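What follows is a structure written as structure tokens; I'll ask about it next.
Each chain gets a letter, A, B and C, in the order it is written, and its residues are counted from 1.
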Amino acid sequence: MRNKVISATEAVKAIKSGSTLTIGGNTIRRHPLGLVREIIRQEIKDLTIYVWVAGIDVDLLVGAGCVRRVEAAYVGMGPLGFAPNVRRAVQEGRIEYEDFSETSMLARLRAAGMGLPYLPTKVLLGTGMAQYATHAKPVTCPFTGEQLYAVSAAKADVAILHGYYGDVHGNIQWPMVRNTDDIDPVIAKSADHVIFSVEQLIDPKTVMSNPTMTYIPHNWVNAVVEMPYGAHPGTCDGIYDPDSRHLEEYMEAAKSDDTFKAYLDKYVFGTKDDFEYLEQAAGLAHLLSLRVSH
Amino acid sequence: MTEYTLNELMAVNVARQLHDDEMGFIGVGTGGRAFTVAVGLPIVAARLAQLTHAPNFTIQIGTIISPDLENIPKVFTENHITTWPTMARVRADDNLDMFVKGKVDVGFVSGPQIDQYGNINITVIGDYKKPKVRLVGCLALPEHLAFARRAFVITDHNARTFVENVHFVTGVGWQANGKSREEYNLPGGGPVYVFTDLGVFDFNGEGHRMQALTLHPGVTPDMVQEKTGFPVIIPPNVPTSILPTEEEIELIRTKIDPENILLKY
Amino acid sequence: MLNSRILTIEEAAAGIPDGSVVTVGGFGVFLQPMAMMREMIRQGKNDINLLSVGEAYAADLLVGGGCVRSVTLASFGFEAVTGRSRNFCKAVEQGKVEVEDYSHFSMASRFLAGAMGLPFTAVHSMRGSDLLDHLPEGKKYVKMDCPFSGEEVILLPAAKPDIAIIQAQRADMDGNLQVMGPTICIEEQARAAKRVIAIVEEIVPRSVIQANPTATLLPSFFVDTLVVLPYSAHPMASYGYYDYDLEHLYTYTNSSKTPESWKGYLDEYVYAPKDHYEYLEQVGGLRKIMQLRADPLLGY
């Protein structure tokens, strides 16, 4: 068992232009945004993204021009409304977008994690998604004869996720108090190469004292990056709330390509790493004020 | 005569249709009115049902199974939702499996476009490939309409929402793309009620088209037709909607939503 | 209700009059109210009389800041960075600070008497020690034959500070104060004082306090003023939250070697930063404080 801790810069080198990428989190919660910012910094392009219920992660990548295609059950900013960059890009025909429902996208990611080429589902019957999806085909059940849809495995080259705590070997733990509305374990299983950013590196003995809190064992993980506030400006449930102040700035900037370019120049291209980004985007006092009680 | 607001009237009408021992699935909402119809109003209806005729009615808000409705958060922001006392917080994938299997008795849904057969669109306005307006996508709306035992639609009544044919079928109602619900063999019951600011509707009209079940006090068939983009079936002598009792209003204002957070907008 | 008495650190420090008799909680590398010491220096406090046990770094800083007239103490050695607390020692050697020495247990016992509302305490400590030679008999101690057993005991006056400044981990809005890790003499110091200023990392909901009742060291009626300030013990450790900053402790002790370097330390870390957050930026900012975070199991 080796030490898998590397820098964000090193970790992101595993993501090639033109490849497929899957991302953990949900709307504005616990996305690996520090890693996303590094992807943008390294000007990786033409990505095909597989996500479930995504948000600012995909909106950032689309706004930065890194994305060719999105396959998702939802991309939006939750309580803040639509994902502005994604919406504009789809309306202007600049990216391809394929819709799936929550269970059918889950089925696609699960199939990948199970080493299967597809899984069947009923939910697409009669829907517009079935009409337009390239990854859904009608099939007849060989046992019951009923009509179903087969959805193909969404197997990404790389998965990036943000975990709460991790050790140097890549064991990722969650806390007692958390928001469970995500499919991060499914996403972690689905891809070939898995990178986790974590809020805090903890001692392997700490992990061993509480093994049922390990939701991703080290043997599923290829790289670990310690990135405190790595989900900023989103929330990391149980650790800090979303940064409403910065999110407001983001939503304003994402209204047009020009203003978003200025946002990226200031906060992503203008910062050499995520600590610099955090100092620019929030500052120490403000970040500490976002913490929620233990 | 008990005095009540429109939101209270709607909440009471929803509550009266909830049965004891059922589980209702409430999703997430954005802010303002969208929050009220998607989240606030269903929570009030659920709690009201619990306190009156359906003490064993319970809800799940996504993966939050049976949150304590005595302790509804004052603010529906992240940490308050994360720390809301509840019986269980399950993994989302397990939760979705049980949804498909039929564990959701009542699915609360809403959407920007609904047609006369109860098909709902939350994906695009206009052409799919190059839409006039790109909406949110799918979320679990398809699941609600395919697998919930009964889906309850809650929305405001206007002709932009109630269209003759949705531009895109995100969730299947009673008839889509020329085939009926039965032909698709969807296991769930589909949309059974639509609760709006004008009345309560079902899909028992001929050919499973939307039909008025009751109209709110002061609402005429003309008013409904004006705000609906397809011919709504309104039976002659259609009854008036259920009016809240004094007890129900008292419960809503003093026990369930004393600080007017859930029904504010 | 305490929540009307949640003050900023500036407001809380402003309420400490010159000439007060003050006790400061903490020991070794733990839990000393360093941000408060810095604020007191910034506000130019004078003639503070410290009733101390072993909170060496806090006392050394306050003395180095020129705020202190007298110190009653047990021991001021620097943990982690070995050596004398130079600012304190020099001030005594130069006659700038009056000093009274007691044994460690004697001070703890004096605070206990104060906490119990008694005028004096009885100890066996210091019998035969030179310490007693330097304390005026009759005023600072009395030798007495126990009226029950006949054995000789030393009576010491109760320690009754005007103000106790207590660094803790967390409290609820009412001021129920929880301390994790070594509590040292914090409880006795606080209960002996007329007024308590508590400085915490965070306010938690009442339910969190209730889930862990044995961690409540001081119920709310013992806490008069509450200040909420993250990393306010820096460079000391706050168990369960963050470890001590060894790098900064070396900076501190090295700078106390000469008056010029000490002035440099005060200028850079006390006078220049306009508030506690600017101080944190000075000592390494986000990168440093994230590094200091405690392991959730180990607490440090």
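Here are a few things to note about the model shown:
Just so we're on the same page, a residue touches a chain if its C-beta (ideal position, glycine included) is under 8 Å from a C-beta of that chain, and two chains touch if they have at least 3 such contacts.
Computed from a prediction, not measured in an experiment: that's the story for all the values here.
The most central chain, judged by C-alpha centres against the centre of all protein C-alpha atoms, is A. No other pair of chains shares as many C-beta contacts as A-B. Between the CA-based centres of chain A and chain C the separation comes to 46 Å, rounded to the whole angstrom. Between the Cα centres of chain A and chain B there is a gap of 30 Å.
Note: centroid distance chain B to chain C, computed from Cα atoms, is 59 Å.
Within chain B, no positions touching two or more other chains are listed. Of all the residues in chain A, the ones that touch chain C in their complex are 165, 200, 202-203, 205-206, 209-210, 228-229, 275, 278-279, 284-285, 287-288, 291, 293-294. Those residues of chain A that touch chain B in the complex are listed here as 26-29, 53, 72-76, 78-82, 86-87, 90-93, 97, 99-104, 106, 110, 122-129, 131-132, 146-147, 177-183, 185-186, 235, 237-238, 241-242, 292. Chain contact summary for the complex, chain B toward chain A: residues 28-31, 35, 62-64, 76-79, 81-83, 89-93, 96-97, 99-100, 121, 123, 128-143, 146-147, 168-172, 176-177, 179, 181, 184-187. Chain C makes touch with chain A in their complex at residues 170, 202-205, 208, 230-231, 277, 280-281, 285-287, 289-290, 293, 295-298.
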